Structures are given as C-alpha cells and as structure tokens.
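What follows is a set of structures to go through.
Below are two complexes that have chain A in common, paired first with chain B and then with chain C.
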Partner chain A sequence: MIKALAMEFQKIRRRKVWAIVAALISVQILLALWGVDRMDAHELSQGWMHFLYQFPILNSIMMPVMAAVVASRLCDIEHKGQTLKLLNTVMPAGRLFAAKFLCGALYMLAAALLQIIAIVMAGLVVGFEGSPPLDKLLYYLLFTTAVNLTILLLQQVLSLLFRNQMIALTVGIIGSFAGLFIMFFPQNLERFFLWGYYGVLMLVGMDWDRATRISDFYYMPVDWTGFSILAVMFCMIYIIGRSLFIRKEM
Partner chain B sequence: MFLRTLQAERMKLHHSPVWLAFLLLPVLPAVMGTFNYLQNIGILQDQWYSLWTQHTLFTCYFFLPAIIGVYCSYLFRLEHLNHNWNAVITAPVPVSYVYLAKLTSASVMVLLTLAWIGILFLISGQLCGLNTPIPPELPKWLLFGAVGGMVICAVQLCLSLVIRSFAVPVGIALIGGVSGLAALAKGYGVWFPYSLLSLGMRANQPGGTMQCSTEQFVLNALFYLAVCITFAVVWLSFRPGNSS
Partner chain C sequence: MPDIITTTGLCKQYGKFLRVKDLDLRIPAGAVYGFLGPNGAGKSTTMKMLVGIARPTGGTISVFGKQVNSRNRLSILKHVGSLIESPSYYGHLTGAENLRIICVLKGVPDRDINRVLQIVRLENQKEKRVAQYSMGMKQRLGLACALLGNPKLLILDEPTNGLDPAGMQEMRELICSLPQQYGMTVMVSSHLLSEIDLIATNVGIISQGELVFQDRLSTLHEKSRTSIALRTQNNQTAEKILSGQGISCRRQDDYLLLPKLSDNELAGHIFRLFESNIGVVRIEERRKSLEDIFIELTGTAVSL
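Up next is the complex of A and B:
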C-alpha cells in the first residue's frame, strides 16, 4: 500500500497539484482575514468564535471545488494515458482506488491544517480575547476534514468512472452551490445533503440583532448524530464507488 | 469561413450534455432564493428588487464564473486530446477563427443562461404574488450581465487554451469569482474581469445606479475582450504546435 501511495506521488511529480490547492486556500484565508484589523472590543472578545463561524461558510463555497479539482487532477492522468488497463495487470483495482484517495486526502488535510494555522496566527496577532480554544479548533479540524474527505471521495468516484471530467466538476460546483444555499434554510434540510455538512457540523451559531446591528456568537453542542450520518455516507460511497470502479471496463 | 468554423464547434458539442449544467444551475437560486425571500419578507421590502438580490446572491459571485470555467475547459478538451492540436493548426482556417468560434459559442451559452435567469425571475415573482410592476431595468441587468459573462468566457478560454488540465482553469475561475467580490467591495469592480458579471447584473444594489458609468463598463469589457483575443491569437500562432 505504501508503495502504491508512493507511486501516486511519482505520477503527479511536476504536475503541481499543490499549486491550485495553495492558491485556493490563500484566497480563502485572505477573504476570511478581510477586516479583522478593524475589529472593535466587542468583536475582539468573540474573535475565535467569529472565525469558527465564518470558515465553515467559506468552506462550503470553496472546498467542494478544491476537492473536485484535486480528484480530477489525480484521476485524469489515468484516462489521458489510458493506463488503467495496464495498471490493472500489476495491482488490484481496489488498491489503486485506495492509494488515489489517500493521496488526495493528504492535500485536503494540509489545506485544513493551513486554515487552523492561519486562524491561530491571525488571532494572536490581532489580539483576540483569551487563548486559542484548542478543543474547538481540534473539533473544527476533525469535522472539516471529515466533510472534505467525503466530498473528495465522491469526486474521485465520478472522476474515475467518467472519462469526461466535465461531469465530476459540474456535480462539484452544483453541489457546493446547493450546500451553501441550504445552510440558510431554517429546517434541517442540510442533513440530507452531503455538501450541507459544513453547516451541520458548525460549532458556533450567530444571533444578529437587526436594531443594533451587533452579532453575538455562541458555542453550539457538537452534533454527533450528524457526524455519524456523515461517517455512514462515507462508508457507503467508499463501498459502492470502489465496487463500481472495480467492475468498470478499464 | 467563420460560419463553417462555428459549425465545426457546434458539431464538437453535438449530443454533449453540457447545456444541462446551465439549465440546472439557475434553477437552484431561483427556488432557494424565492424561498429565502418569502421567509424574510419582513426585512426584504423592495418587492421585485429584493427578490432580485436573493436570486443573484452567490450565483454571479462564485458559481456562474465556475460553471463558465467548466464550459470553456470543455470547449478546449477535444483539442488537448490525442495531439489534436496538430490537426487544428494545420487546418486551412485562420487561428483567430478557432478562438473566436469558441468565444461565440460560449457567449451564446451565457446569453441563453441570462435569459433563463430572467424567465425564472419573472416566474418566481408571479408565484410570490408581487403586485408592483416588473422592474423596467430587468433587460438591462441581464444584458450587462451577459457582457460581463462574455468577458469571463474570454479570460477562461485563454486559460483553458494554455493549461492542458481540465480542472485547473475551473479552480482559477472560482478564485477569480472570490477575488472579484473583494474587488467589488473595494470599488475596483469595473477593473477586474471577474467582477464585471456581478457589477453588470447589479447583484447588490439593483435599485440604484451602477458603481461606474455605463461607458466605462462597456469600455473595460471591450478592453478585456481585445486583450484576450490578442493573447489567444499570438499564443495559437506560436505555441500549440510545439507543445503537443
């Protein structure tokens, strides 16, 4: 398995997959840091919560596209070089599937880690009240990565099954669009929708007072039911996607 | 000659389901935006104008640029496959026609999408039971939006021409859309190709005037179109033969 993963990294050498991940994550972080230096005392006291509220929303805009791009980049090489048939003679298709997923997962994990570093550094520099809430940040890392990886997995299945990468990317964009919109719905509709889980697993809620134009953030209990549903979704997509890939004519 | 190049583009797209994405994408904001409008009818009191902000919110910032990116990547997909560039370049067609034909078919798609957005807007307004007259500016919003969309098409086609990967230009389109939001907020919207779409559609303030004058909008759009066309022609004249 280690060998298969090393092979994946060999294949994408000089393909600069990290470049697009780095570009997307930097734009996202810059957007999040927008206006942080102009925070007043009330906002500074809620700074950490402010970030933990804002990042999931930005994630639901950008992460699905990032996952779609990474998955497409990793899978596209096999279609272009028509290597799947050849690869199948030297390694089981299931292992190739797993290696590709792990390779993409490392990129998505790196992206989430960069977010955490940016949050902590920005908070310390600007002077948010209190020390960084490490437990909340760890939960954030866990949940963001969990949603990212499930979406990455779905994208990988689509990118491998269809030669035409348009299908995978369109699904990614429309999914992220619907996921973002569904966050603003009052009901629990987002639970039924993979791309809505950035919202389901949010740690912070917001009360916005229209009269005073002041927003108050508060911590919400962790939604473990949502997390379990997500885990079930992950397993189902993995099992179904893997068997579809193995049975596909390469 | 140009018509035949266009015809060739049409044949390349024959039976491709790509239009489905453009049909589907505006339906989401129409349904959800209308729902959101009905939920917040207490805050959103400008009837048609409020409904327009709900319909265009997010769409023109992030998702329309990204889906245009997908379409432009798709238009160049065939050329990047199987050393097809050699065939394209040796065909007895001026290279500018190759790019212009693709730009035309992408622009037609953007026009149709904007028209579809307009139709959905009118339908959902009727369903909400809005009793004020339909805003007379609507055709203007859609037309200017289409012009902004064409500029994004031109930029994305250049990216997809240069970058052989399908997915990377789509990522760049999303980055463009997000930075376009920042440019718009800072007041430089008219100088940034990706924010011309939301600027033209008056996504944030449909009632008032545009952030810039109409002349400036049109001039900047033409400027970006000219830059992109020139770039594509220069690139096509020198590069693809060597790179494939």
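Up next is the complex of A and C:
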C-alpha cells in the first residue's frame, strides 16, 4: 500500500496539486482575516469563537471546490493516458482506489492544518483574549477533515467513473453553493446533505441582537449524532464507490 | 510444445449482443501467434479478457497451465506483458518516470528500465516528456512497458497501429526477434493479413466473434493452391478436349481454370488445342492468395 501511495505522488509530479490547495487556502485565510485588525475589545474577547464560527462557513463554500479539483487532478491523469487498463494488470483496483484516496486525503488534511496554524497565529498576533482553545481547535480539525474527506471521496468516485471531469467539477461547484444555502435550513434537514455538514458540526453558535446590532458567540455541544451519520455516509460512499470502480471494465 | 494460453468456450456478451462466441484458443509456447480478424470481430475484447480487464460471460481461460480466476489473476499477470488497444502513459512525465511507476508496481528492479529502453531504442529519449513523443515513440514506450520484468508471454493488440511504414517494419522485426532472443511467446492481433503473414508462426482467425481458423501459418499457406488459367478463342470446345484427356477444368469468366501441371504436360495440351484449330490467347499461372482464403473463411474483405 505504501508503494502504491508513493506512486500516486510520483504520478502527480509537475501537476502542481499543492499549488491549487495553497491558492484556495490563501484566499480563504485572507477572507477570514479581513477586518481582524479593526476588532474592538468585545470582539477580541470572543476572537477564537469568531474564527471557529467563520471558518466552517467559508469551508462550506471553498472546500467542496478544493476537494473536486484535487480529486479531478488525481484521477484525470489516468483517463488522459488510458492508464487504468495497464494499472489493472499490475495492481488490484481496490488498492489503486485506496491509494488515490489517501493521496488526496493528505492534501485535504494539509489544508485543514494550514487553517489551524493561520487561526492560532492570527489570534496570537492580533491579541485574542485567552490562550488558543486547543480542545476546540482539535475538534475543528477532526470535523473539518471528516467532512472534507467524505466530500473528497464522493468526488474521487465521480472523477474515476466519468471520463469527462466536468461532471465531477460541476457536482463540486453545486455542492459548494448548496453547502452555504443549506445552513439556512433547519438542522434536521441539514443532516440529509453531505455538503451541509460543515454547518452541522459547527462548534460555535451566534446570537445577533437586532436592537444593539451586537453579535455574541457561544460554544455549542458537539453533535456526535451528526458525526456518526457522516461516518456512515463515508463508509457507504467508500463501499459503493470502490465496488463500482472495481466492476468497471476498461 | 505445451500451450501457454488455452481458452475453452470463451464468451463475452454485451447486452443481447454476443461479441465473442465459444472461443477455443490454443497458443503454443515460443510461438508468435497472429490473431487476425476484421475490425469489430472481437480481437480486442478477447485480449482484454485474457489480461483480466474485461470479464468473460462464459468459458474458462488458462495461462501457463493455470486456470485464471480473480484470486490468482495478478500473480499470473506478473509474467505477462500487455499492450491493449493504445499505449498507456502519463504525458506530463518522462519516459523513464513512466516506466519507473510500472516497475515499482510490478516489483521489478529499476535497472530493467534501461534494458527495455534499449530493446525499443528509446534510450536517448527517456528524459523527454511523453506528451512530446511521436505516436511511434509512444507505441514503443508501450511495448517497453510490456517488456518490463522479461515476461514469458506478451499480448500485443494491434501494435503497429498509427506507425509509419518504417516504424511498422521496425516493430515487426522486434516482435519476430522476441521468441528467439528472450524465449517469449507473443500473441499479436492485427486486421492486416499481410502483417500477420510476415511475423506469425501460428495464426488464429476470428470473424464475428467466432474462431474460424486456428493452426500453423504454413497450414494456411498450404490452402493457397496454384492453378493455370487458359483463355482460348473457343473455350467450350477446348474444355471438351481437355476433359477428354482427363484434365478437370472449370470455367471462370473468360478463362478455363486447370489444376497445376508440369511444363511438359501443359505444352502437350496446348499443342493438341492448336491441332484442333483452337487459338490460345492467354496462359497464366494463378495462385490463390491468403487474402482469398481469408475472405473465404470470414466472408469479409480484409483491410490492406
């Protein structure tokens, strides 16, 4: 498996997948940091919560696009060079599917880690009240990565099954719009849509006072039910997607 | 010689259409087996089933004496090199990088890369990106990839497709040299009868998914009989005279077709026709070409 994973990285040499991840994450971090230097004392006291509220919202827009692009970059090299029929004679299709997923997953994990680093560094530089809430940041990393990987998995299945990458990329873009829109749905409905899970697994809620126009953030309990449903979705997509890929004839 | 590949009742059905019907292939060790058939006859489908990238809907495949199933498929394929339909490659990587990927996945040492590049004469182009290769170079890279690990069996599907005449000749020479130099058995498909005639020792002809001929190429050649075509000013009388002398002849267009005769015999018969005042205006030796036999067998004109 390690050999297969190493070969996935070898295959994407000069494809600059890291550049796409870096560019999208940079844009996202710049958007998040917009106006941080103009925070007043009240906002600085809730600075960490502000970020943990804002990042999942931005994730719901950016991450589905990133997952779609990463999966497509990893899979379209196989379609372009008609290499699947050759690979099928030298390695099990299931291992190729897993290696490709792990390769993409490492990029998505790197993206989430970069976010955490950006949050902590920005908080410390601007002077948010209190030390970084490590437990909340770890939950954020876990939940963001879990949703990212499930979406990546779905994108990989589409990118592998359909030669035309526009199909997978269109699903990614629709998912990105849907992710944000679904946040306005009641939470029970939100749970039916994979792209809504950035919202379902948010750790921070917000009260907005219409009269004073002041927003107050507060920590919410972790939605383990939502996380469990997401885990089930992941397993189902993996099992069905892998089996469809294995059964596909070249 | 033992058979390297045997298939029994091999079938492949797509929807209601039976693409390959009850194929019983026998490919002896050390042979260059030419798998010949018109376009769409089922050659590629059969080869895909042999390397396991298409699943048979019926029948069995044995390679190296072992019946292939989903569990032993990859261990058997370790000793098989294949090039199906078109070469597989990563265009953004160099030739050497492409081969390294397959080397690692096949578990073949890296030093094999230079060996196969030398065989296909690509050693000077190995650091060039494959996207910049010509069609012929890509095809040779595909063959190099199939040769990695010095497989005992090579399955090549139309390997000269897209090559210029010089490239085709080079590829043919290479294929012919493989059994002697490396002890390989080669199965090579083509829709070009002339090509198979130049490289194969054994031949299988497939038509509409069915195997219509399978034997040594020399056996196919034996089927091509020589005949003498004679045109006279009075074919009807000439036919009577010749038949009277025990020569079986039949009419074809304006000619009488006689079996192969020695020069003396033929001269004697012609003299007798002169004696009967029948003018002989054409005498031709005709040989039934392999193409004629192919058409007879498949009912389809072969592409040339």
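Brief remarks follow.
Note that the second predicted complex is superposed on the first by the 248 of 250 C-alpha atoms of A that agree within 3 Å, B and C clash if a C-alpha of one lies under 4 Å from a C-alpha of the other, contacts with A are read in each partner's own complex, and residues count from 1 in each chain.
Quick note on the criterion: a residue touches a chain if its C-beta (ideal position, glycine included) is under 8 Å from a C-beta of that chain, and two chains touch if they have at least 3 such contacts.
Note that the structure is a prediction, hence the values are computed from the model and not measured.
Considered on the superposed chain A, chain B and chain C are sterically compatible, since they fit side by side. Once the two complexes are overlaid on the shared chain, A:Lys11 sits against chain C while remaining clear of chain B.
Of the two partner chains placed by the overlay, only chain C lies in contact with A:Lys3; chain B stays clear of it. Contacts of A:Glu249 after superposition: chain C is touched, whereas chain B is not reached. Legend: residue contacts after superposition of the two complexes on their common chain; A:Pro92 is shown touching chain C, with no touch to chain B.
When the shared chain is aligned, no partner comes close enough to touch A:Phe192: not chain B, not chain C. In the superposition on chain A, contact of A:Gln82 is made with chain C only, not with chain B. Taking the C-alpha centre of chain A as the apex, the lines running to the C-alpha centres of chain B and chain C meet at 80 degrees, rounded to a multiple of 10.
Comparing chain B with chain C, more residues of chain A are touched by B.
Taking all C-alpha atoms of chain B against all those of chain C in the superposed arrangement, the shortest distance found is 7 Å. Within chain A, the residues touching chain B in one complex and chain C in the other are 80. Across the interface of their complex, chain B is touched by residues 20, 23-24, 27-28, 30-31, 34, 61-62, 65-66, 68-69, 72-73, 76, 80, 164-167, 169-170, 173-174, 176-178, 180-182, 184-186, 210 of chain A. Listed in rising order, the residues of chain B touching chain A in the complex are 17-18, 21, 24-25, 28-29, 32-33, 35-36, 39, 43, 58-59, 62-63, 66-67, 70, 73-74, 77, 81, 165-168, 170-172, 174-175, 178-179, 181-182.
Contact residues on chain A toward chain C in their complex (touch as defined above): 3-4, 6-7, 10-11, 13-15, 77, 80-92, 249-250.
Across the interface of their complex, chain A is touched by residues 48, 51-55, 74, 77, 80, 82, 84-93, 97, 100-102, 104-106, 130, 145 of chain C.
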